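Structures for review follow.
Paired with subunit B in one complex and with subunit C in the other, subunit A is shared by the two complexes that follow.
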Partner chain A sequence: MSDSKKYFIARICSLLKLPANSLSANENEISAFLPLHELPLIVKRLCQMEEARCVFIGATDDRKNSKSFGLQYLFSIDKESLLILLRSKVPDHSLKFPSIAVQVAAAAAFEQEIWEFFGITPEGHPNLKNLLLHEDWPSETFPLRKDFDPHQKIKRVEKKSSNFLQVTGEGVFEIPVGPVHAGIIEPGHFRFSVAGEPVIHLEIQLGFTHKGIEKLAEGKTVLEAAALAERISGDASFAHSMAFCQAVEKIAKVTVPKKAQVLRVIFSEMERLYNHLGDIAGIATDVGFSFGAAQMLRLRELILQKNDRFTGHRLLRGVNIPGGVLCDLTAEIKNELRSFLNLLLDQYAPVEHLYFETDSLMDRIEGTGIVLEKVVRDLTGVGPVARASNVKIDLRQDFPYADYPNLKFEVAFRKEGDVAARMLVKMAEFKEAVSIIFQALDHLTDEPLVVNIQSLPEGSALGWAESARGEIFHWLRIGRDGKVERLKIKSPSFSNWRILPWAVQGNIVPDFPLINKSFNLSYSGNDR
Partner chain B sequence: MNKIVFMIALFQAALLMILAPLATGLIKKTKALLQNRQGASVFQPYWDLLKNFRKEEVVSETTSWIFRAVPLICFSSILISCLLVPTISIPHTLKVTGDLIALVYLLALPRFFMALAGLDAGSAFGGMGSSREVMISSTAEPALILVLFTMAVTAGTTQAAEIIRIVLQKGWMAYGPGTALAFVSLFLITLAECGRLPIDNPATHLELTMIHEAMILEYSGKSLALIEWASMTKLLLFSTLLANIFFPWGIAQETSLISLGNALIFFILKIGLFCLLLAFIETSTAKLRLFRVPDFLGTAFVLALLALLSQTILKLGL
Partner chain C sequence: MFEIIKINLKTGRATIPIQAKNKEEFSVVGNELKNKIKQLLGGRSLHIRQIDAGSCNGCELEISALSNPIYDIERFGIHFVASPRHADVLLVTGPITRQMEPALIKTYEATPEPRIVIATGDCAINCGVYANSYAVSGPLNTIIPVDVNIPGCPPSPTAILQALLSILDRLPKK
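Right after this comes the complex of A and B.
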């Protein structure tokens, strides 16, 4: 460890009132318990002086054991590769905790979620309103409390008036769109306030696909919960299961065989390949450039078919389990994959060229939907959205997992922050992903695929993975019975949905679908 | 004899109405093939129309009589426009009904009422569609008039049939630099007037980007079928204008079955080629940003103005 890093760790430890040696050399997580009243000040110092980024805030219902609710704040200091987990307790007779949303804008949505699902109130929250459960949800019903029965039928109440921000003035109109859309997409309600065509304000109401996955996971064995994790968001099946499995493996203190780690890299890059091609095709579709879209979609379909052939599932479900992977690549398939990737690169290059050569397409996407770097930093945007706005974060590089430490790759990033930048980042990541798979194929050894996890001790751990949309974090707590006691899922869409309104502001209404597509966020991942 | 003229004139209008869905189907099929898709049959638009004619109609309670009247107004004014444009024969048009200037206004009428219908139901999308349509047509219409005047100046008449006869008579002498400019201009106007790419995407599902489709979102059943049929016919009408005024070869100049049959084959070939061209353009370009549309139509206007000036100068021998 270098001196500057040592100094940095010591500084953080003293800030958190921990002994200076609480972090060993190869670890990148630090955890501290703080009393509630000290939280805001320390968080403020972390965020303002150490450039910490709020990753998520979660809560647990520990009333049975300690007559309190637990709070977990995860911060990341990306440039030093350090994750800081702050824990705190809310006694069950007060049910209040101090809000940090004013200092840390990104915390607002997480605090709303905790308020909605646990019934503990963030005091001083600037905009406390429904997030995922809608206005017809009965009050005093908190789904993530332990005494809530997920199988009961909830009696919906009379709908309270929705509290959208109203923009008034001469010539200002409201355009409500959704939740049911004309295309085959997920449901979400968008409310635009416009003056003519330019958008003044956009408010988004999600939660229509809330499935209660975090609640459903409780009481399940880790194997059952892993299958559940694959279903959080369809096109990030592998990334979610990877984050979950790594959390389990950390609790079980097992090391996954090298071969399984390499295979996990290969499959998660395959997932990135088909996702990025789909996103790039979507941009062409939304500007009516059907030829370019059709070509990209054709390549995407080829990848999905290979996924199916190699693993038996187009979206790579059922491949990952806690302890390793279930699917081997034989020598024959390895060769097939290599020649497929070469073919893919060959066929991709002219299509990419076609995009750049089509002036009508480039004219539409350049300068459209600009996201400022400050917006991304304040709202802790992740993934290609952040990287297109000059925020260079990528879990594969900052907090490498699986076989990523042994691979060479560049994290693509751009400064413009517009639709074109997001498309270019995805194009660069596509090519990078192919090169990663090529490298990883050489790392495959002859080893077992799975290590057996006999029994799980009580405990909690973080698991993470960089999906095509950005970072996924799973915070898992295993109870005394070896079953899941709490699973907090932080999907990349949850942060990036808050950024979308800022990208749309000042653009014209007919450009919204294009900007939305360049984000291509998951409704299901946000709603869980 | 008069009876025959009348019958053939009606047949020409009917031909446009009947072939319109086929032209749309041909464009869709070509686009599908260009995208490596199989695509629906070229006859699919007929089945879609038939389906909509049979379906129950749902009308919003907040609408007024305008909403119900608009499909009829649209359909009938397009039907009358069809009578003004010669498709396969020039001696058999109903001269009493009007000329190219009447045509421009017969096309403006449904647009005006369609914009009203878009606003009538009070939905946000209809209003957006109407405001965009009016913005586009206010720039497209002057250009259209100039283009038609260019041809009128060349021929010395505003009757479509007469223009075609004179172009045929003069042969290559009828063509000047102005004609080429006018053709390009009319082509651009066709894209805008008929809601094709790069102005409007007829295949989009994105409510927020729609123009023509946004105005008719509230329609269903028979009304929708009438409107769709009218807009398909409008597209064919514009392509007929392009094909027959600028390339009138093959059109029948006398009343005989052979020349009419010949003319029909030529007409179908010309329209088929035009559909292929349109499909190719729609496949290879992206849609313009909404506020670029006035630039696009401005180009069409300037081209038309240049065309008119050059034709006038040539004509006057200045």
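Right after this comes the complex of A and C.
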């Protein structure tokens, strides 16, 4: 560890009133307990003076053991590769905690979620309303409390008044869209307030695909929960399962064999490849450039077919398990993969070139849907959306896991923040991903694929992975019985959905599909 | 541009050919389907409305793959439409979350008879890994009548096409 980092960590530790050496074994996580009343000030200092970024806020129902609810605040100081987990307690007779949403805008949605699912109130929250549960949800029914039966049927109550912010004024009208959309996409409800063509304000209601995954995971074995983790968001099956498995492995204190780590890199980059091609194609589709889209979609399908051939599943499900992976690449397959990647690059390059030459495409996407860097920082956007607005964060580089520390790659980023920038970032990442797979293939050794996890001790840990959409965090707590006691899932879409309305503002309604496509958010990942 | 044309010429047709020997193959199924659609609908194409009732988006991914140049489902006379009012078939995915149930029922009611309902993916059939959740009202057949099930998590594009074939017998002849 460098001296400057040591000094930095000493400073953080003194801010948190910790002994100077309280860094956990893997050297990038600090954890501290703070009484509730000290939280706001310390958080403010962390965010304003140390450039900490609020990754998520979670809660636990510990009333049985300690007559209180637990809170977990995860912050990341990206430039120093440091994660800070602050823990606190809300006594069960007060059911209140101080909101930090006024200082830290990104905290607002997490606090709403805690209020909605645990029934503890963030005092001073500027905009406390339902986030995922709809208006016909009965009051005083909090799904993540331990005394809530996960299998019950919830009755529908009479709808409360609608939650939407309304814009009024001469010539302003509202366009409602969804939840069932025109295309083959997931459900969500949008309300555009427009005056003429430009959008003044966009309200988004999600939660339609809420399946109670966090609750369902409770009481399950880690193997059962791993199957759930793969089904949080279908096109990020591998990334979610990787984040989950890494959390389990940390609790079990096992090191996954090198070979499995390399394979995990290969498969997660394959996932990135097909996702990015799909997104790049989607942009072309939405501007009516179907020739380009068809070319990209053809290549994408080839990748899905290779996934199927190598692992038996097009979306790479059933490949990852806690302790390693279940699927090896034989020498023959390795060669096949190499020549496939060469073919992919060869055929991709001219299509990319064609994109740049097509004015009807580039004119539509340049300057459209601009996201300011400040918006990304305040709302802690992640993934290509952040990187296209000059916020260079990537877990593969900042908090490397699996075999990433041994690989060379550039993190692509742009400054413009428009639809074009997001597409260009994905194009660059596509090529980097191919290069990463090539390198990783050379790192494959003859080792076992899995380490056995005999029994799981009580404890909690964080697991993470950079999916095609951005960072995924899983905070897992295992109970005394070796089963899941709590699983907090932070999907990349959860942050990026809050940014979309800012990207749309001032743009014309017909550009909305295009801007939305350039974000390509997961509804299911957000709603869980 | 010429680069791509060169590659395309070298690659040949990406789309799976219509005449193929193997019974399992996509194109055989597709071809049969095309003939049936012609016979039954008198030259009209089959219109499908897809509804995501809380899926993980894996099923959507495979349904959209049907339209890529390799499967190119439109050549068999199958068309995805934007409105339920234009649909012959509803292709429903997901475990039917409590919060999508009302929208699903409204969409079903907006579809003209005879509306054929296909439960697509394990979730729609039996709620899959999300079974017994407080947030789930499904499976689909407890909410609206289902004509065909397509198992799989997610079902492959070929499996979806095969299921479409099997429902054609239920459409009234024109």
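Throughout what follows, the second predicted complex is superposed on the first by the 525 of 528 C-alpha atoms of A that agree within 3 Å, B and C clash if a C-alpha of one lies under 4 Å from a C-alpha of the other, contacts with A are read in each partner's own complex, and residues count from 1 in each chain.
In the analysis below, contacts are C-beta pairs under 8 Å (C-beta built on N, C-alpha and C of every residue); 3 or more make two chains touch, one makes a residue touch a chain.
This is a predicted model, so every value here is computed, not measured.
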| item | value |
| --- | --- |
| Touching partner for A:S233 - first (subunit B), second (subunit C), both, neither | second |
| First, second, both or neither for A:R314, with subunit B first and subunit C second | second |
| Partner chain in contact with A:F512 - subunit B first, subunit C second, else both or neither | first |
| Which superposed partner A:E197 touches (first subunit B, second subunit C, both, neither) | first |
| First (subunit B), second (subunit C), both or neither touched by A:P138 | neither |
| Between subunit B and subunit C, more extensive residue contact with subunit A | C |
| Touched partner set for A:A182, first subunit B, second subunit C, both or neither | both |
| Which superposed partner A:S524 touches (first subunit B, second subunit C, both, neither) | second |
| Subunit B versus subunit C as contact partner of A:P457, first or second or both or neither | neither |
| Which of subunit B and subunit C A:P405 touches, first, second, both or neither | neither |
| On subunit A, positions contacted by subunit B and by subunit C | 182-183, 294-295, 298 |
| Residues of subunit A touching subunit C in the complex | 133-134, 143, 148-154, 179-180, 182-187, 207-213, 215-216, 227-228, 231-235, 237, 294-295, 297-298, 300-302, 304, 314-315, 317, 346-347, 349-351, 353-354, 357, 522-524 |
| In the complex, subunit B residues that touch subunit A | 31, 34-37, 124-125, 127-128, 131, 197-198, 201, 203-209, 282-292 |
| Interfacial residue positions of subunit C with respect to subunit A in the complex | 1, 3-4, 7, 11, 14, 50-65, 67-71, 80, 82-84, 94-95, 97-100, 103, 107, 128-130, 132-137, 153-154, 156 |
| Interfacial residue positions of subunit A with respect to subunit B in the complex | 173-177, 181-183, 196-197, 284, 286-291, 293-295, 298, 358, 360-361, 363-364, 368, 508-513 |
